[in-house]
Amino acid sequence: MKILAFGEVMMRLNPANFKKITQTDQLDMSFTGTGLNILAGLAVNGYQTSLLTALPANNLGRAASASVRKLGVNDQPLVFSGQHLGVYLLEMGYGGRPSEVTYLDRSQSAFNQVVLTDDVINQALVGIEMVHICGIALSTSIISRQNALRVARLAAAKKIPLCFDFNFRASLNTETDRESLRACYHEILSSASIVFGSLRDLTELLLISGEDDQAIVQKFMNDFDIKYFGGTIRHKTVEKSELQGYLYSGGNEVVVSDKVSYQTYDRIGTGDAYVSGILTGLIEQWTLQDTVNFATYNAALAHTTYGDSPVLSKEFVLNYIKNKIDVIR
Amino acid sequence: MKILAFGEVMMRLNPANFKKITQTDQLDMSFTGTGLNILAGLAVNGYQTSLLTALPANNLGRAASASVRKLGVNDQPLVFSGQHLGVYLLEMGYGGRPSEVTYLDRSQSAFNQVVLTDDVINQALVGIEMVHICGIALSTSIISRQNALRVARLAAAKKIPLCFDFNFRASLNTETDRESLRACYHEILSSASIVFGSLRDLTELLLISGEDDQAIVQKFMNDFDIKYFGGTIRHKTVEKSELQGYLYSGGNEVVVSDKVSYQTYDRIGTGDAYVSGILTGLIEQWTLQDTVNFATYNAALAHTTYGDSPVLSKEFVLNYIKNKIDVIR
Amino acid sequence: MKILAFGEVMMRLNPANFKKITQTDQLDMSFTGTGLNILAGLAVNGYQTSLLTALPANNLGRAASASVRKLGVNDQPLVFSGQHLGVYLLEMGYGGRPSEVTYLDRSQSAFNQVVLTDDVINQALVGIEMVHICGIALSTSIISRQNALRVARLAAAKKIPLCFDFNFRASLNTETDRESLRACYHEILSSASIVFGSLRDLTELLLISGEDDQAIVQKFMNDFDIKYFGGTIRHKTVEKSELQGYLYSGGNEVVVSDKVSYQTYDRIGTGDAYVSGILTGLIEQWTLQDTVNFATYNAALAHTTYGDSPVLSKEFVLNYIKNKIDVIR
Amino acid sequence: MKILAFGEVMMRLNPANFKKITQTDQLDMSFTGTGLNILAGLAVNGYQTSLLTALPANNLGRAASASVRKLGVNDQPLVFSGQHLGVYLLEMGYGGRPSEVTYLDRSQSAFNQVVLTDDVINQALVGIEMVHICGIALSTSIISRQNALRVARLAAAKKIPLCFDFNFRASLNTETDRESLRACYHEILSSASIVFGSLRDLTELLLISGEDDQAIVQKFMNDFDIKYFGGTIRHKTVEKSELQGYLYSGGNEVVVSDKVSYQTYDRIGTGDAYVSGILTGLIEQWTLQDTVNFATYNAALAHTTYGDSPVLSKEFVLNYIKNKIDVIR
Amino acid sequence: MKILAFGEVMMRLNPANFKKITQTDQLDMSFTGTGLNILAGLAVNGYQTSLLTALPANNLGRAASASVRKLGVNDQPLVFSGQHLGVYLLEMGYGGRPSEVTYLDRSQSAFNQVVLTDDVINQALVGIEMVHICGIALSTSIISRQNALRVARLAAAKKIPLCFDFNFRASLNTETDRESLRACYHEILSSASIVFGSLRDLTELLLISGEDDQAIVQKFMNDFDIKYFGGTIRHKTVEKSELQGYLYSGGNEVVVSDKVSYQTYDRIGTGDAYVSGILTGLIEQWTLQDTVNFATYNAALAHTTYGDSPVLSKEFVLNYIKNKIDVIR
Amino acid sequence: MKILAFGEVMMRLNPANFKKITQTDQLDMSFTGTGLNILAGLAVNGYQTSLLTALPANNLGRAASASVRKLGVNDQPLVFSGQHLGVYLLEMGYGGRPSEVTYLDRSQSAFNQVVLTDDVINQALVGIEMVHICGIALSTSIISRQNALRVARLAAAKKIPLCFDFNFRASLNTETDRESLRACYHEILSSASIVFGSLRDLTELLLISGEDDQAIVQKFMNDFDIKYFGGTIRHKTVEKSELQGYLYSGGNEVVVSDKVSYQTYDRIGTGDAYVSGILTGLIEQWTLQDTVNFATYNAALAHTTYGDSPVLSKEFVLNYIKNKIDVIR
């Protein structure tokens, strides 16, 4: 199975040891992004993955591409151009203390400034069996939006199944451009077959209404001819944190996972682990119930590993589901 | 609001990663002390703070003063003299394992050896609206005791409200000098309006008795004309740790916070976070209930942050009280 | 009390901060092994300990011996020879995520390749009052097996009490050599007076059967004239992890500890902390109940400390049992 | 002496141990900029310094301002606004291998996007006896250019002496805007009394010509009524690196320093050390020869210290000039 | 240009900061080997490279392959098998103090234990335009020797040019097996066209004699029909270290580089940088003089970079040859 | 050969990477002292060494004793008492920049506060063949002075040869107590047979005069019946640093080493390496010329290693003298 993702790569900087940035002069560095994270989670399971993105044509861009390769993701499709890369600071929480994310400007990043030509995209699509697009590209710049739409169109032209992740953040968009954004989502959704998101994405962005959640999702899936729609719900009390995954499939079916309790070491990227878990189940043709359970455990365990990208193989996760031992020798 | 604190600054050394000192050859360094911690907790909330202390006239003393400034505290009032600085080692606990604190000698530190003249103190008090004195200075040396009393007298002369922290440790005093120590506490308390301590401080050091806790505190506050008396109680079971703050105010009122459960990353300095929380509430003129709740959450969250000095702003803490999310973007 | 242990020393490498090895380019290094761990746990309690092992005659071997000394264990008896040392990678778990141990080849290590002569062993036994042998040496090479048997015989000849740890791992042995391995265990057990292991060791390796657990252990202790037989049981639920120790003594007695709940920072070596705890109780001539309680708490706390070797003194543990404070000043 | 500088603060990230960025996942972080560096070099000599700049209104901006304070520079004048801060990567060279600097986009930084009002600037100038402006602000954005000119005008209006640093980089400007840039330099130079730069700045940017270097400088200083013009020349052979400073003063005088040989640990910011050295000599009213010698040694030693900001006090440097010992106790 | 190398990958561990291993508990980790280093040096110049090797089928093997990819080298051809990987410790020297290398056993490594089938090798050779074999594989085990010979034969069968590196270490072979080793060298050399080595390799291993160096090399090149034979000579005095490269080409020509002086940060792998430099020149069809100069500078600069694998691009090195600046912006 | 040293152990803290203390929040920690350093230098050569000192009875004291053992020095003789340990900060220089040492108070350290009884000393002297006393103990406190004299007397009583190191620092003594200090030196010197110091020690402290250096030394050695008197001279120019050792022996002989050029990574403790080098030569009964050459190279190489204590074996140094290779495999 060969999967291509289109998405931005950012540099993540975080103090170690749960420190605030003012408490250290050393930062851990990694490179991350929704598309990259999902591919990394698939690569660790043995699938062939490649990333279509743009990175600056300088030492930082080359370092980012080296990290992409280290994660097992083919960096051939990516384009080097410009001088900027998005950067974000993560100050990791501890216990009840929430993590804090601080973004530096990403509007000038190679990803948000470089036009990907049809040639570049078509070249990237050669041999690809599934494409993933992260919806945030529709909001980060006009150029990234056009690039995302172009990838979707060219993939559709080649009849490559499209997996799409809403990743809609109200804060990134003013109300006035909500309308044009919605049109873009509509266009992409119309060629997508697998979609990840939340009910709020359907109601607030797409303005779909219905008598209950199931009806809303049903309408959404019918309208856009979506085959699978998945996501997670968090159940948090003072005593414990639990994650629960769901996956709607065509017709009228919804499967829901166990509530999986988790402890958090590194919160970021856990949603991407859910996505790569679902895709793994679909690739492996597991039952939907096994798929959603696997994805939920995959996401729960992703809270316990460093970094945004999933690093645990499906063998590890399946073993964990069956067998909650505390040391593997 | 401009607050000055008088107190010792020590160098804290701790192994990272919960190691014992024999398990590493690298130590994390910070500079700390009750007065400094409280000021840092106020500075992060935007108040103007300055520290009156003495540091050695060498590279370590200058490094300490640089750290004071980094915490947002004005270091102008401090005096450089001598060659010594107190040092303590912190071996951080994990889970149930308690943290261990090992003090090196502080009797020869600049703070405990330098006489602060009236001129130096009066200069430091210019424009100051509140003074904080940490009671431990009454025990660490004869010179620091005299300095503390002089600060209290000169502040009183200028009618600057005095905030006083008992910080009485029985182990630092032999029984024979308990009497003279008590006299010093009496003197300082007579000019204090806000006091932090525990019931044990009242009964064991001041020898106040009464039919119940409330009566003892009432008697104490009446005797010394104290406006506010605050502190915390820890509720620990095997299953969870909870913190509860209280604040007595003149007349007969006592407000008590929620029991706030917490997880511990770095235990030291959490009491100072309570004090800076109470002072923040008083400065902001919140209700006493809001004040004590805020201070208790401030202290509870201080268990989750590295270092002795509070680093979370009131906006962060208030947001946390309302909204227990796990990541802030 | 002078105790000698015979056992392999390996180099442990682990990424800090709960990272997987692909997420870092820095590893923490320590030197470890069952015998060394048990001795370290006894040395921290003030007993004189020394280690009989073989290390490579190069900079790594000398570094290992320096670490042995740092742990308070006499390295005089050890032999330098060859060029290899066993190495293992530990990727520490977090929350529910299990730790992962990856061994590199140890068959070529000095320990597994060097024949210890009677002279070397007899020299090591001078003045020794107790000998500990780790049963894994019976499986790691033919040479280490013969060395272990020779140590047991020479200790028996000098009537030095022998403490033996099963440490049987089915995975290290094919079924065909199970027979000869069993014979070796029989031989060593016949001169042992204190034995640590699990019921599975008795039933699967020794093929002892009986109507219930107690009967099996009784038969085992009678057959081999064992004075004490100890071990632990883990009780894990989603909500908490608890450890419970047991100690059978001659006649028919068994004492069982409290269920002690624990949190895990570093899982490896906690069984060795149990053994050193039991030996401490026996050396101190505490009651068996006090001994097994102490050992269980010692093991539970060992989950919270870095490294395989116990580092907490008996004073620390006893204080913890009585008094669950969160900071020791 | 109270000095204010106006200039951009950037985050510097560098791998330790002379590594390339692809060889590590940890970066050292500091905050730096020409104005900040010069102020830090003056603060370490005991002068009162403050920085007028703009930093993002987020955790990174606050961390930057904490670092400013730690360097002994007053951060009161600075403005928090926006979300971006310039970032650069330094890969430090070793031996003959040059260091490499990679800039991320700074066009969107708070410094380059925020208009500083007359009020803000006038407030910053209260009590100031010298102002320093770094010429790069004329090139980094239209807004920063206008801000720089405004600072110069308001300082001139208050008759505060202006120190100006060319910091012209041809690569930052296209030929077409060279003309308007030259006009800005003309305007600022007309109110400057102390200027730092190179002969190339005079000939290539200002288009001044003359029969020899001295004549060119003389013409420049006459045209703009400059009191002091200083800079350095590097003499590099395979065998050694030497630095030589010069300082032209009104009339016709030029003083030149010894050739000072140096070894390089951290190359960046050494020119700023020269500037702070010259300003120190002028403030102290040393002879021009002593001043230029001091500044050259200050710059030479700055090659041996970590970070862009000078950290060695004038006592240290003067002692070094006299007395080349290898350890100070 | 597509180059495949066959060679062992080892884990390198080194203390940072020029420490001896007893002075730290932290080690820097990287993965290295002659073939990998040469490929990395080619990949950084933009050529397509892939590595044929064997790595253990465990977390360490996977980490090694991730590092291979990070270096820009395709890891598709490599085989996962067994549990062992060679490990070596590097204690880096400083000034005159030599570096120390300590090897752990590599005889049990996957590389030295796994038979590579013709299928695996032929698959790896698809599309390859040059093959590199490191001669040390002829000495490390019988299996690695057979694998190396098989790779050479299959490459020859496909008429892919073979580049061979003597890498003969007398210490790895007893005199008695010198004869059979010589036969293996003979066999491989007979299909090689580019060879790297020293005069000693020709005289001591191959037993070639002649009246002077040139005659010996000439005889060697004629006997085995070698097109290029290259290597370096070090000139060390107390005052400086210089490197000089040579390259013999068919007919009677020898070109010799400048003596390039260098300073050493990390000594290991610098010979591999020479090889990748020569191959780069040949690929680029530079003159032999330019080629040997480039390779010598490439090797000289490799002394100043961390790690065994070359990390500087040809643009960087060519710029350095022309232009010895101290910072690149 | 069994050597005992009497001397203070301090905690050394230094920033890594040549940083000033204000530029980091992490410090490298080690434990050091003249006596300990000399013993470490002897232990690495295989001699049996033990240390008589006093360390605080707390976690820091125990960590110090663990480090003593790690260095190969027996810690049995040392006494645990009190709570303080001397601490010093080392800020390492680079290139021409001198290192800076900042001492915290050591007057209250266990070493300077604990009276060593005759019993403790006599116990420590059992089996000892040489005793080393560091002269600084005569200045650090009255108690340490009395302890040093007592050790010298009891060693003399047992006819154990005494090695004495002047280590006189004028700055530690006022002129008025110079007289009593001189008397102490006289007393100790009268029982010493091997002495290390400089000409200045003889003229300024002992007030010996003579017509030339040789005459002064001769008089000193005659007066006190000294068998060997050794030391070093540094020759520093801008271009290079050289070290030259000398050793006077009874009668009239003086041997002088080569001038050995060196580069400095860590300057502290290099004099102690000279002492351990001389003692090694005397123990090995090398010629005096070989001895002084070895010691000088030992000291020169000690500039290139981290830490105050010598870590290079005599095999390493002898190999280096003969054979200046750049990597040892």
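Every chain is named by a letter (A, B, C, D, E and F) in the order it is written, and numbering of its residues begins at 1.
Convention: a residue touches a chain if its C-beta (ideal position, glycine included) is under 8 Å from a C-beta of that chain, and two chains touch if they have at least 3 such contacts.
Note that the structure is a prediction, hence the values are computed from the model and not measured.
Under the touch definition stated at the top, chain B and chain D share these contacting partners: A, C, E, F. Homomeric contact chain A/chain E: same residue numbering on both sides for over half of the interface positions. Chain B maps onto chain E through a rotation of 180 degrees [Cα fit, steps of 5, range 0 to 180].
With each centre defined as the average position of its C-alpha atoms, the distance from chain A to chain F rounds to 62 Å. Chain B and chain F have Cα centroids lying 44 Å from one another. Between chain C and chain F the centroid-to-centroid distance comes to 41 Å (mean Cα coordinates, whole Å).
Shown for chain A are the residues that touch two or more other chains, namely 16-17, 20, 22-26, 28, 30, 66, 70, 100, 103, 264. If the chains shown are joined wherever they touch, the resulting network links each chain directly to all the rest. Listed in rising order, the residues of chain E touching chain D in the complex are 16-17, 28, 30, 70, 261-265, 300-301, 303-307, 311-312, 320, 324-329. Remark: chain C residues 23-26 touch chain D in the complex. The part of chain A that touches chain D in the complex is made up of residues 13, 20-22, 24-30, 56, 58-60, 62-63, 66, 83-85, 87, 89, 91, 100, 102-105, 107-109. Contact residues of chain D toward chain E in the complex are 16-20, 22-23, 93-101, 103, 169, 171, 234, 236, 238, 241, 264, 267-268.
Against chain A, in their complex, chain E makes its touches with residues 66-67, 69-72.
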